[in-house]
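Consider the two complexes below, in which subunit A is the common component and subunit B and subunit C are the respective partners.
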Partner chain A sequence: MFNLQSNSASSSRYSLPASAPSPPPNANQTKRSSSYLSTGFTNLSISGIGSSSSNNDLASPAGRGGEMNILDRPINKSRGVEVGLPAWAFLFSEIVSYSQTRVDSVADLEKRLSTLGRESGIRIISLHLLRAAQTSNNKDPKKEYRLIPALQFIHTQVYRYCFGKAADGLEKSVEGDDEYMLTLNNPPLTQHISIPKDLSQLSCEAFSAGIVEGVLEGLDMPARVTAHTVPTDQFPRRTVVLIKLDRSVLDREEGLGK
Partner chain B sequence: MAYYLALISPSDSPIYETYLTSSKPHNQIASSSTSTFPSWSSFPTFNNNQHNVQPSSASASAGQPPAIPPKDPFPPQFLGGPGTPSKPTSGAIPNNLTGQPPQGVEKHVMQMIAFSSLDIVEDVMVGTGSMYLKMIDKFNEWNVSAFVAPSVKLIILHDIKNDEGIRLFFMDVWEHYVKTALNPFHTPTTRITSTLFDQRVRASAKRHL
Partner chain C sequence: MVVHGLWIINKAGGLVFQRNYAEGLSSLTANEYLVLAGTLHGVHAITSKLSPTGKGSGVQVIEGEDFKLNIMLTLTGTKFVLITSLPHPNPESTLQKVYEAYSDAVMKNPFYTLEMPINVNGFDERIRTIVASTVG
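And now, the complex of A and B:
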């Protein structure tokens, strides 16, 4: 829908908003079939990326009733706060093209996307744990503190929360004991992006990698997380998120024993 | 009855601090002493053993009617704590929920106690998945409880045992914090200066503490 073109992005930037308010006729259908853009995602896009005041319309329905302060907003409102797939695709295409105007290399662009994702991830983990604690009646709220359960938590819960389904694989790297890989066969966030030839190294899933990094940081497991496209015949857009954990995490894990 | 709350960023800097006093008569101690600082010469037999006894007896008395004075050889007023009563003429309890430290309590001492317990918080949190760490540290009659959430630590100093109330209070403050942190302009190390946040914390304190 929104192709990432290195040269056309800036010229089309001003024409896109005009077409944005009229969603495709099957917008509802799209929304239903793309369930990953559900409750949690609203918060991601509003809090992580949105630029507050100008985003009041996006922040509806909370923003609809005039100026409501953020402390009064319910965090568990689940109806009517979904962001449609077209809106996300538009926002993300703008994020990518904005980032692209201020970088020299593919690596820098990925770093910028990853930084944005990290900001989201830090917030996602807080919000997720808070909601989980509140639904379990605030009784002894817990978070994962061991490495493997934490990775499994990201593999299933965080991925389901952000992308609508659990990751397709969680593997330990054969190269180093500090490396783990999360695989997603068909990453939904970037499904409308086609990478031009001259940027073939780029993976916009760097944003997802940033989310994973932020979540791990929230769980006190600092790591460097990168995304790599590893196509297979069946899944040409298969993406591997590579987690390289900080030494301190492994030392702590060793200290805790089995 | 008196509380000190600090929100601590991942870089161990305080992003929000406040002093709270509760009007609930958990543990009223009648005394005319106005000493605000531990005078070590005033209790020469003070030793570790008695030091350890003291907080438990204080907590045991927490649930009792306020009329019964705690059977405590070293009542908190010796130790410069919140039990130190204000002068009888100025009312038993200082202004409720004003954000000012109760009379007789050194503000910086409470801050120091809270931050010195950070090491213990970090020791305890690596071995448990629980976010609420209750009564992990003691300094004189101050108990330290903590709540370890992603990218923030909540530390509270309290002089009476009130696990349940503090847990609910922590959950409330955490919710306020998360809502604040969802603001894209907030970073984990930004100081929270919002008066609204302050009001909400005080309202939660009134409800739970």
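And now, the complex of A and C:
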């Protein structure tokens, strides 16, 4: 689940304080060397890593104070089960530093992040189609097959599901008829990441590009998707996700006609 | 009220961040800042044992004739030192905001190495915003 919610009260038990440096409630129990845990992770300390919690806590549905296990949750319920943005930020930060130790170049790092995003994208589209089918009682489940509606579907629904809001722009490239651009002025996934000067070519939004690629693949529209930081004065972190569609998609689109 | 500068001292007593935000204090050399930060770290460690009630928090404010050092110790041992003018009404809340910015922009940034000097653009920007908003 990549549905993120920025530090709002409604994101129930996975929500972590945005950055609130409040001490953990059971400070002596959760005291450990990693400095991450004592700054942001107040609620997470109850899930399995606390020294006193038994193994049963995670396995039993009634574990963790009677709340439901993640596997027993209804698949259609998407409200109130969002992942806290700070938790995501820490996870993603570790993903990037882990990946960085295993690559030689910026391009490789972006490729790794993109591959991870693609895996997510494929799952996101499956989940979305399943939910859509279930809410309509298995009657007429809708799957976009035309190019423009599919892109609009990503622009609004997928972006809203992943990032909490629709993309800020969907444009067709002037350079080629197989290129489309999705713009996000202030991408939430990478908002805390500052790229050092020696890696200035890197955009960690390659992960988001991977999500888009995965979703397009799930819709049977293979494409090469890349992310580029295109700052404006107002939005220094503005990111453009460039979609270069496979020739077969355009041929099919032509065959389908208007 | 002015915020003169901000230091961040890691848990080993090393100065990992030092910026001046206003004129008024004579600036020292990089080496002098390092020595001063190390000394402050030691003084803080001793004063935290000085409390008559047992475990104390250590020194929190050091006042000079026309400036004060406000020290905040986090649970992880990182110290934030804010140098302000004497009339600054609420250095604690500024320090709290600085800590928030640190947790966001530094700790969640994969390109920062723990305990090392902080060279993070996003953090510098946020601190500048915080400092600018407290100058009234």
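As a working rule, the second predicted complex is superposed on the first by the 180 of 258 C-alpha atoms of A that agree within 3 Å, B and C clash if a C-alpha of one lies under 4 Å from a C-alpha of the other, contacts with A are read in each partner's own complex, and residues count from 1 in each chain.
Going forward, contacts are C-beta pairs under 8 Å (C-beta built on N, C-alpha and C of every residue); 3 or more make two chains touch, one makes a residue touch a chain.
On a predicted model such as this, the values are computed, not experimentally measured, just so you know.
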{"item": "First, second, both or neither for A:Glu110, with subunit B first and subunit C second", "value": "neither"}
{"item": "First, second, both or neither for A:Leu219, with subunit B first and subunit C second", "value": "first"}
{"item": "Between subunit B and subunit C, more extensive residue contact with subunit A", "value": "B"}
{"item": "Which superposed partner A:Ser97 touches (first subunit B, second subunit C, both, neither)", "value": "second"}
{"item": "Subunit B versus subunit C as contact partner of A:His192, first or second or both or neither", "value": "second"}
{"item": "Which of subunit B and subunit C A:Lys143 touches, first, second, both or neither", "value": "first"}
{"item": "Partner chain(s) touched by A:Glu205 [first = subunit B, second = subunit C, both, neither]", "value": "neither"}
{"item": "Subunit A-facing residues of subunit B, complex", "value": "125-132, 148-151, 167-168, 171, 174-176, 178-185, 188, 194, 196-197, 200"}
{"item": "Interfacial residue positions of subunit A with respect to subunit C in the complex", "value": "18-21, 23-24, 27, 31, 35-36, 38-40, 86, 89-90, 92-97, 100, 192-196, 199, 204"}
{"item": "Touching residues (chain side subunit C, partner subunit A) in the complex", "value": "74-76, 78, 96, 99-101, 103-105, 107-111, 114, 119-123"}
{"item": "Interface residues, subunit A side, partner subunit B - complex", "value": "43, 46-52, 69-71, 73, 75, 119, 122-123, 125-127, 129-130, 133-134, 138, 140-146, 217-220, 252, 255-256"}
